[in-house]
Every structure is written in C-alpha cells, then in structure tokens.
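To keep things simple, chains are lettered A, B, C, D, E and F as they appear, and every chain counts its residues starting from 1.
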Amino acid sequence: MEKAKDTTSCDRLAAFESYRARMNQRILAADHLGIKRFFHLDETAYCDGALDRKTKELLGLVASMVLRCNDCIDYHLINCVRLGFSDEELFDAMNVALIVGGSIVIPHLRHAVETLDLLRTRENPTE
Amino acid sequence: MEKAKDTTSCDRLAAFESYRARMNQRILAADHLGIKRFFHLDETAYCDGALDRKTKELLGLVASMVLRCNDCIDYHLINCVRLGFSDEELFDAMNVALIVGGSIVIPHLRHAVETLDLLRTRENPTE
Amino acid sequence: MEKAKDTTSCDRLAAFESYRARMNQRILAADHLGIKRFFHLDETAYCDGALDRKTKELLGLVASMVLRCNDCIDYHLINCVRLGFSDEELFDAMNVALIVGGSIVIPHLRHAVETLDLLRTRENPTE
Amino acid sequence: MEKAKDTTSCDRLAAFESYRARMNQRILAADHLGIKRFFHLDETAYCDGALDRKTKELLGLVASMVLRCNDCIDYHLINCVRLGFSDEELFDAMNVALIVGGSIVIPHLRHAVETLDLLRTRENPTE
Amino acid sequence: MEKAKDTTSCDRLAAFESYRARMNQRILAADHLGIKRFFHLDETAYCDGALDRKTKELLGLVASMVLRCNDCIDYHLINCVRLGFSDEELFDAMNVALIVGGSIVIPHLRHAVETLDLLRTRENPTE
Amino acid sequence: MEKAKDTTSCDRLAAFESYRARMNQRILAADHLGIKRFFHLDETAYCDGALDRKTKELLGLVASMVLRCNDCIDYHLINCVRLGFSDEELFDAMNVALIVGGSIVIPHLRHAVETLDLLRTRENPTE
C-alpha cells in the first residue's frame, strides 16, 4: 500500500502545528476576555469526564469532518493517533462522517488520510 | 429537576417514528437503486466494526448536532439511550457538539434534551 | 405503492403557498431597494436563458436539498412538477442531492417525497 | 401596509420564549460545567464592551440569518427591537444577510419579518 | 476577454487530478467496505438514468458551488466541459448557484471560472 | 505583542487583492446579466443607508466568519480597517462570531487576526 510521501507534504503537519501555536498565542495576547475563556472551554471539553478523552477526540474528529474543516481534522487526528486509535478504528469513524456528510466530505477524507499517513510516518520514520 | 411533560410533546417521538417509518417505506418503494443502496449503507455504517455500534451512534449524535438536524438528533438519541448511555455521558457528548458548533447549536441542544427526557419517561412511565 | 394522504398534510402545500405569498408581499411592501432587487434577480435566475427554465428549476431543487431548506424544496418541486418532470427524473435528481449531501439530507428527502405525493394528488384528485 | 396578525401566529413568540426559558433551565439543571460556562460566555458576548450591546445584537441577528436558525433570529430580533432599532435599520441589516447568504435565506427572512411585525404589535397592541 | 494564464495556475488542474487519483487509490486500498461502497455509489449517481449524465454533472456542479467545495467544483467542471456544455450554459448554471448561495459563493465562482478558463486552454492550447 | 511578519505572508494580501480584481473583471466580462446585477447588488448592500457603511462592513465580517470564508473575511477586514475600527472593536466583533459559530471558527479567527496584523503593518510599515 503506497502512502503519501513527497517532501512538500511531509512538512505540512509541522507547518500547521507551528502556525497554529503562533497564532493562538497572538490571539490570546490580544487579551479579549471572552475569546480567552472560549479557548479555555474548548480545551477542557476534551478532558476526561463522563466520557473519556479518547472518545471525545473521536467525536471532535467526526464533527470536524462533517463540518469540513481541514485544520480541525488535523488537530483531532493528531490527538486521536497519540491516544492510540488504530487505522481501522479511524477509518470506521471517518466512514460515519462520510455517510452523514456525503460526497462533499470526500476532499476532506483525502486530506485526513494523507494526514494520518504523515502521522504514522512520524511515529515510524524508518518505515 | 423539572422535566418536559406536556402531552403534546409526549406524542412528538411517536409521531416522528411513525412518519419516519412511513416515508422511508414510501421512498424505498420508489425503487431507485442508488437511493436504496444509500439507505442500506447508512444502516450498516452504525453496525459493529472496528468501532462498536455504541460508539458509532454517539458519533452520529454529535455529527447530527453540529449539522443542526433535529430529526437526525432524535434518531441517534433513541439509539444511544437504547444502547445504554447515561445522561451524564450524553451531556458530555452534547457539550463537545456545543463547543464545536457554537451557540447556533443551542436550539438543537434544547430539542435534544427534551427528547432525552421523553425517552427516559418512556423507559419509566411511572416516574 | 401507498402514498401520504392524511388531511393535515394535504393542507400543508396550500398553507405554505399562502404564507409565502403573504410574507413576500409584506417584505416587498417594506420598500427596501436592495431586497426588492434581490427578489427580482431571484425570479429571473430561473427564466429561460442559455439553459432552459426546466433545467434550472431542477438545479434549484438539488441546491435546496443539499442546503437542507424544506420551503425552498417545496417551491422548486412545485415548479418542477408543473414543468413536466416525471417522478423517475425527480428521484434521480434527489439521488444526486442525497449522495452529495449525505444522510443528513434524508429528513429533507422524506419531506420532498411527501410534497411530491401531495402534488401528484393535486393533479389527479380522484387517484 | 398589511401585517401578519392571525391569532395562532400571535402566540408564537410567547410560546418560543416560554419553551426557551423552560429548556434552558432544564439544561443548566443538568449541571454540566462546560455547558453552564458556555451559556454564561454566550450571554456576556453581547454585553457592552469595545462595541456596545446594540451593535452586537445586530451582529447576532445577521449571523443567525446567514446560518439560518429561526430561534436564534427570534432571540436577537427581540433584543434588537427592545434596544431601539427602527424597522428601516433592521431591514438594512437583513438585506446584508440576504446578499451574503442568498435566496436560501429568504424563508428565514419571511420568518424574521413576521416576528418583527409581532414584536411591533406587542409594543402597540391597539395599532 | 483576458483569461487566467499564469503558469503556476496552469499546473493547478494537473496537480488536483494527480492528488485526487493518488489519494482515492490510497483510501480504497484501506479496504473499508462502507467507504468503498460509498465511492462506488458516488460514481454511479452520475451515470445515465432517468436523467442523463450531462444533466446530472450540472446538478453536481451547482450542488458543489452552493456547498462551497473547490475540489468538488473542479471535478464536476472537468466533466461538464468534457460532456460539451458551452461557457454560456455553465455561467447560467453558476448564476443559479450564486443566487441560491449568495455572495459567500463568489470566491468559489472566481475559482470555478479560473478552472473553466484552464480547461478551455487545455482544449485549445494554441489559443 | 509579537505579530505575523514572515515575507511569504506579507504578500498574501496583495496576492488576494490582485487575484480578486482580475477574476472579478473576468467574470463581469462574461456578460451574464444575472451575475453582473448580483455583483452590483452586493456592492450597494454595504453603502450608507438606514445603517451606515461602517456598521454594515462589520456585519459582513461577522457573517463571513460564521460562514467560514477566508476570502470574504479578508475583504471585509480590509474595509473595516480602512473605515477606522480599532483592534479592540474588531476582536469584540470576532468574539461574537466565535461564540455563535463555535470552535470550528477558530482556524478562520487565526486567519482573520493574521490579516489584521498585515493590515496594521501596511498602515505603519516602520512599526
């Protein structure tokens, strides 16, 4: 099974993570109380609660796919992989997003699977 | 904790289920191969697979909430309650939908919680 | 093939048409130039042009389904039926909307098919 | 200029306000910390700040229209009327929503204008 | 009439087609039955049926524009041009999408027209 | 407070403005009456009327954010800055968009704040 490998793409995740961190810091530095509290609420929404964090990151992934936001997909996929979901489980979740959201989700499915491959390569660079 | 109880609302779930069943039958009777296959795919997407059915119904619930579809919310809530999710778990999932989708989700959160109360009343009619 | 027939539903189309006509008149009476021009542009968009009106009403129907607006669906279905589309053609167009938009479109497909049945009953009241 | 007046519609606003208050209370009683904090954040977002409350309610109205949520439209229209916007100003804001969001917004424009008329009737019941 | 011509853009279509083909192959290789069946259903939805393929590709184009997905727009435009639609017909269809979806569709209209110009240049490279 | 400054980003606004101008000209040159009239209506929607232009550009900004369109956000931010809104006012408006639209708006908030910084740098290149 061939995977996404060209170098340009390989830097995509790092570029996203760096841009995201830099701009979030810039936004929080603007010191708008409402925005700062929303960012905090957003983080705590995925902490362990009645549901565990792992399940909630999967909910975040599917929500991001049906709403068709690549940056949100990448963010939740990074966490889903880190929390131990297998490819089979992630494809099964993405299938739910595809059925609910339809073919308009397919470009984001392509993006998500490319991200997943980049994350697996990062875990096992020699692969 | 007061719950939604007026009789009009009490019949809402039964009316939805009956309308849904009748119209789905009508649609399938039109015998369009593509539509029939989509309905079948939709059903199988929530069957046990790499992820179990219970997790996938929760994914369906959150996807329905962020896409703001009351009928889809009711459908997945019915299944989530039947599969044994507690109120605490469902509120924790709905919180993810609220954070992802924002205040525009609130009217659908009100609908979902009303549905949840109707489903609990159905389980324990004497309550 | 059983069709939707209960009297409450039977009045649904007439109620929609009357409410739509009354409120459009009210809106135009407010005399906001931009809104009046938009309403005019909206009407002319479906007139015969490089594409004929019939094709453009079908485009309007599918756009309304993927954007999940029941009133817009009813409006374009009324026109599609009046312009001579067969049920087979309409189901084929609705299948495109279903595939593009996913299962979240299904509640609107149920609504659309109910409307279609009401329109056919109106054409042939003795059926 | 004729306005929406039938008694059924006249109770629509009161029913919305009562349902909204009852279900919000029910939701807050579930005591999910994230949801409670979001509801609080939502309220404070429209308080006087760098922008005054009046301007922010208008932003909420236009956001609700382009996202096509009737309950959110009603909520912000009630506040916009209470804060002193004229009909002319509200139609001018709704025109922006119509241009940005397109004809799919029209059913919600009809709803909004009906609500506006109900609110004006409430202010001047003898009119 | 000046057309989009800079070399960077000229490669855009080829890059899209190659990425799309590579990632679709990767996704199908993951062997998730639901996803594979959905991809198959998606393809057959545009085959000749009660409506001909040409009409259905136009439906796909307008659905993609109102849902604001550039990749989906490119995919259906490629097919629409191949099936013989004239520029006048395509602009007439895109006008329907613009009216239904509003000014938020304009950035995607710009993208679509650029794609259309690239496709015409591809047909007549000497032009 | 550190701001976005890398040269690649610095050219982003100029590239957007040039592409937008070129493609709008191309679209208008196609001479489709409906599209030309829509473009004209779109422009006049933000002119002084019952509401002043400044307020309407802010409405356009918030509508663009909740509908998650970066090009539309950039267009309205350029106008908002030119019409004299302070950063504090713009963050307060963006907070409304964030609360209404949820965390799915955050990637567009990052984009908007980066654009805002680029616009301020353009105003004061020596800063």
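Convention: a contact is a pair of C-beta atoms (placed from the backbone, for glycine too) under 8 Å apart; a residue touches a chain by one contact, two chains touch by 3 or more.
A quick note: this is a predicted structure, and the numbers were derived from the prediction, not measured.
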item	value
Those chains which touch chain F and also touch chain A	B, C, D, E
Chains contacting each of chain D and chain E, listed by label	A, B, C, F
Furthest chain, CA centroid comparison against chain E	D
Homomeric contact chain A-chain B: same or different residue positions, threshold half	same
Repeat of the A-F interface, chosen from A-D, B-D or D-E (over half of contact pairs identical by residue number)	B-D
Identity of the chain that, by mean CA position, is farthest from chain C	A
Chain pair with the higher count of C-beta pairs in contact (B-D, A-C)	B-D
Distance from the mean Cα position of chain F to that of chain E, given in whole angstrom	27
Distance from the mean Cα position of chain F to that of chain C, given in whole angstrom	34
Shared-contact residues (touching 2 or more other chains) in chain B	34, 38, 41-42, 45, 49, 63-64, 66-67, 72, 88, 91-92, 95, 98-101, 103-104
List of chain D residues in touch with chain F within their complex	41-42, 45-46, 49-51, 55-56, 58-60, 62-64, 66-67, 72, 86, 88-89, 91-93, 95-97, 99-101
Interfacial residue positions of chain A with respect to chain F in the complex	19-20, 22-27, 29-30, 32, 34-35, 38-39, 42, 63-64, 67, 69, 71-72
Interface residues, chain A side, partner chain C - complex	66, 98-105
Residue ranges of chain A touching chain E (in the complex, touch as defined)	1-4, 68, 87-88, 91-92, 94-95, 98-99, 103-104, 106-107, 109-110, 113-114, 117
Touching residues (chain side chain C, partner chain F) in the complex	34, 37-38, 41, 44-45, 49
